[in-house]
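Both complexes shown next keep chain A, but they swap its partner, so chain B is in the first and chain C is in the second.
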Partner chain A sequence: MTDKTPTRAPFTRRAALATLGATGASLAVPGLLPGLGGTAQAQSGDPIKIGFQVHRTGIGAAYGRWYDRTSQAAVARINDMGGINGRPVELVSEDDGTDPKRGAEVLEKFANQSNCDVAFGTLFSHVVIGSAPRAAELKLPYFVVSEGHHVASGMLNRYTLQPGITDVKSQVIAMAPFVGDNLGKKVTMMFADFAFGHDHRDFFSEAIKEQGGKVIKMIAIPPTETSFTKYFPQIPQETEVLYHVMVGPAVLTFVKEMGEFFGPSRPEIFGYIDSLEAVSIDSPGLEFLEGTYFWEGNPRYAQTDQTEFDKAFREAVGVDDSGASITDPADVSTYAHMFGCWETLNVIKAGMEACNYQGPEDRQALIEAVEAMTEMPASMDHPQGDKLFNGKTHQVFGVQYISKVEDGMLKVVHTTSIEDGFYPDEVDYTTQPF
Partner chain B sequence: MLASLEGAVTAATLALTAMGLSLVFGVMRVVNVAHGEFYMLGAVIAWFVSTTLGTHPAIGFVGALIVAPVLVGLLAAAADRLILARINYDPERTIVATIGLLYILQQSTLMTFGPDARPVEPPFNSRIALPWWRQGENGLEMFYPWGLATTSYKLFIIVAAVAILIGLWVLLTRTRIGLVMRATQADREMATAFGIPVERVYAMVFGLGAGLAALGAVLIVPVQQAHYLMGADPLLLSFIVVIIGGLGSLPGTIIAALLIGMSDGIISVFFSPTLAKILATLVVAMVLVFRPQGLLGKASA
Partner chain C sequence: MLVYARLLSLWLAALIGLLPSVALAHASDQGFVLLLPTEAYILSGCLAVALTVLMSAVLPDAWTTRLFTSLRLGTVPDLHRLKTVTSCLGFAALVGLVWLGMTGPRDPLGNLLPLTIWTLWWAVFVVVQGCCGDLWSWISPFHGPHRVLLGPQARPLLRLPDRLGHWPAVAIFLAAMIFAFTDLAPDDPARLARVVAGYWLVTFAAMTLFGRNDWLHRGEPFTLLLTLFASLAPLQGRAGAWRFGLPGWCTLTLPSPSISLAVFCLILLGTGSFDGLNETFWWLARLGINPLEFPGRSAVVLPGILGLLGVNLLLIAIFAGCVWLGQQLAGVPVPFAAAFGRLALSILPIALGYHLAHYLGGVLVNSQYALAALSDPFARGDDLLGLGQFYVTTGFFNTRDTVRLLWLTQAGAIVSAHVLAVLMAHRAAIDLYGGGRRALRSQIPLSAFMIAYTLFGLWLLASPRGA
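Moving on to the complex of A and B:
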């Protein structure tokens, strides 16, 4: 090629390397600059950056979509009210693929590249457990919205907090008396085979024992499974209550095949709405659910005694009275969980205001400020209901809803009190060093 | 009973998918790693067709049954012309090329279709319960126990798959196209010498193979759901089946599909699904050790 154009200067390897090197350096410089600026000072006009670890792909994608919408709405509201300490708030979203390994990498990116003040938003428990140790190493406050008991169990660390949603242990302790008293004593559990499902397995079987009941069979199902008919024959004939909690992309198939398995002679069924989050309850094949019970973190269908907060929350996020998107009724929300994002962001705001947060050097003060919180009354900041935060265990406690399917809608039949879900502290994070 | 029905459903779709893989390998000597993605595309297109037509589920389903395999087949034929033909069907390079194709198809589906699983409504679906007898207060009485039931749609899958396989067999043994394919399989150079447009046969076979995978997916998608990662499992199972049956041997593929499908169903129901997968993999290892050419494969000279 060069011999055909002898007039041009030969393009040597050395010259090529020099050019590449120069380009590389010039690319790297602007990359470094915000890094230096961010840690050196935080000017009043600079946004507070919240790193949002979001499950855009992988088995948590449906949750991720709604966690995203809820968080965007919450941040818009905070900014409309003047931001935090006079500074606007910016969400820096990053997909973690619902994968623990990528989750930890995402946290690293938040701390070292995008200079986020805190990290926030993770749902799936294996991602939380995989990411939290990295958050502590990076000294990055990590606010999770995951329901798992791993925060309050003492398994994680001082930098990981769950102030927006009650953990599974508290939920099942609050709920077990209802199951034992109203549905039956002999329970078969079907649960997703990972940390979140194991919390159900361990704490529900304990809690139902206290009610004089018994778990007679536990059936673990991998969350990536797509066909379930083969699992159902393991359900013993004497089962009085079937307790199910599934997650993953195939939850609709799971519930549908459950219906096909039981036919008209089903036992009582108590499920976590997780088995049907983001799925319309009037999908074809789900008619058998009529008369069954669900736990809901927050009632998907607007109830007759709906609070003004719930109404405004629905409006802000763009959800109608049956829990679906106002623009697309087929796009059902993960209503029982996503309020946690909204409330957590408001806790971050309250914490930052309490410690007059200025920049990453105040991260420890922020954690101490959140640890000092206790009562969080139902309000626009906490639309799901009253809450009580335990600073020692980094875990919040709230009310739970039990709904019955009536006329293809979820109707709340029982609301637990916050106290129903109390259990003795298992850890005191405040004694751990930063 | 339930176990063997479940197994038969698995075997039916598996036979279709593995048939495609086996056909492609038999005629073209190409190990198509992207086969599972053609399966996934079939399911996704089925969802797309049934929601766009959106009237009665049956119309959408029949539409999907026609449109999905044809579209996927055309896409595969195009991929053959554009990619595989350019690298002269070199065994190693085709593996790498089809891996690339796998990611292209999977990620484009993620970008367009999205990460959610979406259901397709079956054209008809009624629960067929089987009665059972037990000793009750009034002597022998009939009742309908849990689980002793299936759906009419699942029975349909089995019937449809058998019909399609018979059709395929007729195509391969009784028609000119089948003759040409078999000639190409037997000896490519001789076929060329006899004036068979081998290039076109290859494109057709690759399209047919992908179309069969898509067909299998359209049949199964009302039972499962369309999802962009759904191609991995059938790909693995198809390979297991094809290895057990003997690469390129079509009757062997069907026998192996039945074997794996039925044992998967029965072992899953009576023991655990994990054990079924372990056993299937063990069988593959054993076959590779003791009969590397597969159950019905011809020993290489």
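Moving on to the complex of A and C:
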């Protein structure tokens, strides 16, 4: 595909050629042409087809590019290792346009036209939420990498699982002990005034209370704001920690103006790397971030105690020790999130192997096999770190990283335990019928 | 909705037009643009256009006229028949692309059909045509097959009524843009393949029905717009000779356009402007959409259609108002239609400048995808071009210097297009109003319009964008 992986298993190529041959043959039968409603069943010798619902266009396109690159690398590795149940794996990539309606349409194409075994991949929550009901109707296992709480909250269905990336509620809860113990108890939150910011506001204010801390001021910033100077004076004097969750094109302006407001004396500052995902930390204007803290889903910079798994993962995806593309140091990856694609594909593989998946008739067995999973130790399959899957909520839990900006780089200063991100189950999908 | 759209941080990374992936796949530059001294740049750009207005006011008419004369450089060989061959090759390439769209990779950024249609042709080729002249007549997939199948002198079955003027092209262009703006997935290879194949068939049928040339220049909007843009190029083959002059010299020699053709010129600009406008925080705020939580194309279908039509109507009305007011100030009884038509041609460079500015970022990204797809058209691991390990990069959106360079290039395209437009309009006014003060007075409203439009164009570039 576009981002070429360095190695390919010999049989992958053969399989691809076989697929192409089949496609060529389908030319003679208009009904089998893509988009014309073909419904040929996969045979046991055919590749396992994973429908990749990817943000190629729309607001998620920048994430989609790295999700694609990671997924291609993961599939190349799986094929190098012999595929799944002796069959090669083929990613069928369809653009969801970062649009929920198109997302649902893409799932239908996977199920009815390209005969995919499962669907995988998408990121933006509204696309997941818009697509998941269709996945259930199609009885198509739908593995998402969106880190939204919508899976574990119970609003989706038995066919939708999130086994490769933790959800935001867990992430935020896991931050509170570190913030309370090390940075301060009196927290002011500055957040974008819509659902994304509200989640942080709600989850964190609750979690910091349990640490004996308190959110002393909440400053909601309208989403269309591009200058923030009038908001900083609202930060109370006694603030010990400023927790910021800003997104959008004005983030760099936010940081610059925050630096100008505080000068040399500032409270401790904690933020989410989402604000600066794919942006170089040493960009002009971000000097003020020196000494501040960030949540990272996966450390962008290779650490001194880097695991062999992280090293190999970077190599496979083509990312250097700074989290940028090996062919362009300015092309910073979405490192805090994209590992989720790699890990999810490996969960699909493990699930299919556990249930000896042969074809669409085994889709329910696949879901049950994944639901039965629990521990997922750090490994080449899970390079981000240890994880624990909750089959009832269809949500994985894992370690989180807190990094400090030092010398323009992100250095991990704390790794949470998995348990730090636990919260009571809000659903038991296993009780729902297929 | 959008419960966990934390990923929206990549608004830094997402400036998305309604047009397909060429405008969609790019750009993490917005954060850096907001840190650039764009106010100063905008002021400079507007001053440059205002100075051009002043300059054109003090320049003697003879000088302005001389600006747009051309120099004969040599003889153009008659390659008319060869064009039939190359057009057939263009058609064969289109058939191959449509086949690839139906059977090739499903990923629009891995499939050569959408990459060719939206990036290489719509975003790039249109600009190349505007700079280099009429290359389209060489590669157009329409006229060659028609000549071969129906003969060079094929008689049309019907006559396209004269009173229809260029309105068919206006209507089809708007319909095509509505597809591009509001379809859920205009990049989808199979869907686009069906649309392109259908469009070719309809065009072929219309050429057969109404005559090849008549339809291609009055009904088929893309040939029409490419022909119009081609007239802007400095080097032209005219009447058997190569001639060179200031960009636009040839446009000024075109016959006075009808109202419908003038409207066509204006909607080229109106459509391009709306494609920029609809991305802005400002526009999304009008729709009541949180720009950091853009719900997707499916949520803005009706606003997209109404916005496109509304902006075009508004532009036509303002432009017509400027022309009318100019007539009153000039005090010369020139028919409105003549003035409207001649002056509308001066809008063409602005439309082309917008086109370049709007797609530049997307082209920088998607041309890499196109290169990769050319090397591996079936996504089966081929490397026909020997690219080796090839990763698409958007790193140039991630540094201040490259973002500034990109922004200034876009702004430069817009400003220089307006400068040229001011000069062309002034040259046309000399013809219309007989030069001197009358021509000058006639240009006051239009000059103000052009300065204001420069401001608008640069504001679009500098504005935070959401959708």
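Here, the second predicted complex is superposed on the first by the 328 of 434 C-alpha atoms of A that agree within 3 Å, B and C clash if a C-alpha of one lies under 4 Å from a C-alpha of the other, contacts with A are read in each partner's own complex, and residues count from 1 in each chain.
We take it that a contact is a pair of C-beta atoms (placed from the backbone, for glycine too) under 8 Å apart; a residue touches a chain by one contact, two chains touch by 3 or more.
Not measured: the values here are computed from a predicted model.
In the superposed pair of complexes, A:G318 makes contact with chain C only, with no contact to chain B.
Shared-chain residue A:T226: touches chain B and chain C both. Once chain A of one complex is fitted onto chain A of the other, the partner contacts of A:F270 are absent, as it touches neither chain B nor chain C.
Contacts of A:H126 after superposition: chain C is touched, whereas chain B is not reached. Among chain B and chain C, the chain that touches a larger number of residues in chain A is C. Touch criterion met: A:H149 reaches chain C, while chain B stays clear of it.
Of the two partner chains placed by superposition, only chain C is touched by A:V92; chain B is not. Contact with chain B, but none with chain C, is seen for A:F261 once the two complexes are overlaid on the shared chain.
By the document's definition of touching, both partners, chain B and chain C, reach A:T253.
After overlaying the two complexes on the shared chain, residue contacts for A:R56 are found with chain B and with chain C alike. Common to the chain B and chain C contact sets on chain A are residues 56-58, 61-62, 65, 226, 249-250, 252-253, 278, 283-285.
For chain B in complex with chain A, the residues that touch the partner chain are 2-3, 6, 110, 114-117, 119, 121, 125, 127, 129, 144-147, 149-151, 223-225, 227, 229-230, 233, 265, 268-270, 273.
Listing the residues of chain A that touch chain C in their complex gives 1-4, 6, 8, 12-13, 16-17, 20, 23-24, 26-27, 33-35, 54, 56-63, 65, 68-69, 92-95, 97-102, 105, 109, 114, 123-127, 129, 146-150, 167-168, 192, 194-196, 199, 223-224, 226, 245, 247-253, 256, 272, 274-280, 283-285, 318, 324-332, 334, 337.
By the touch criterion given at the top, residues 56-58, 61-62, 65, 225-227, 229-233, 235, 237, 249-250, 252-253, 260-266, 278, 283-285 of chain A touch chain B in their complex.
On the chain C side of its complex with chain A, the touching residues are 1-14, 16, 20-21, 24-26, 28, 30-35, 102-103, 105-110, 184-185, 187-191, 193-194, 281, 285, 290-299, 369, 372-373, 376, 378-381, 383, 387-396, 398-400, 402, 464-467.
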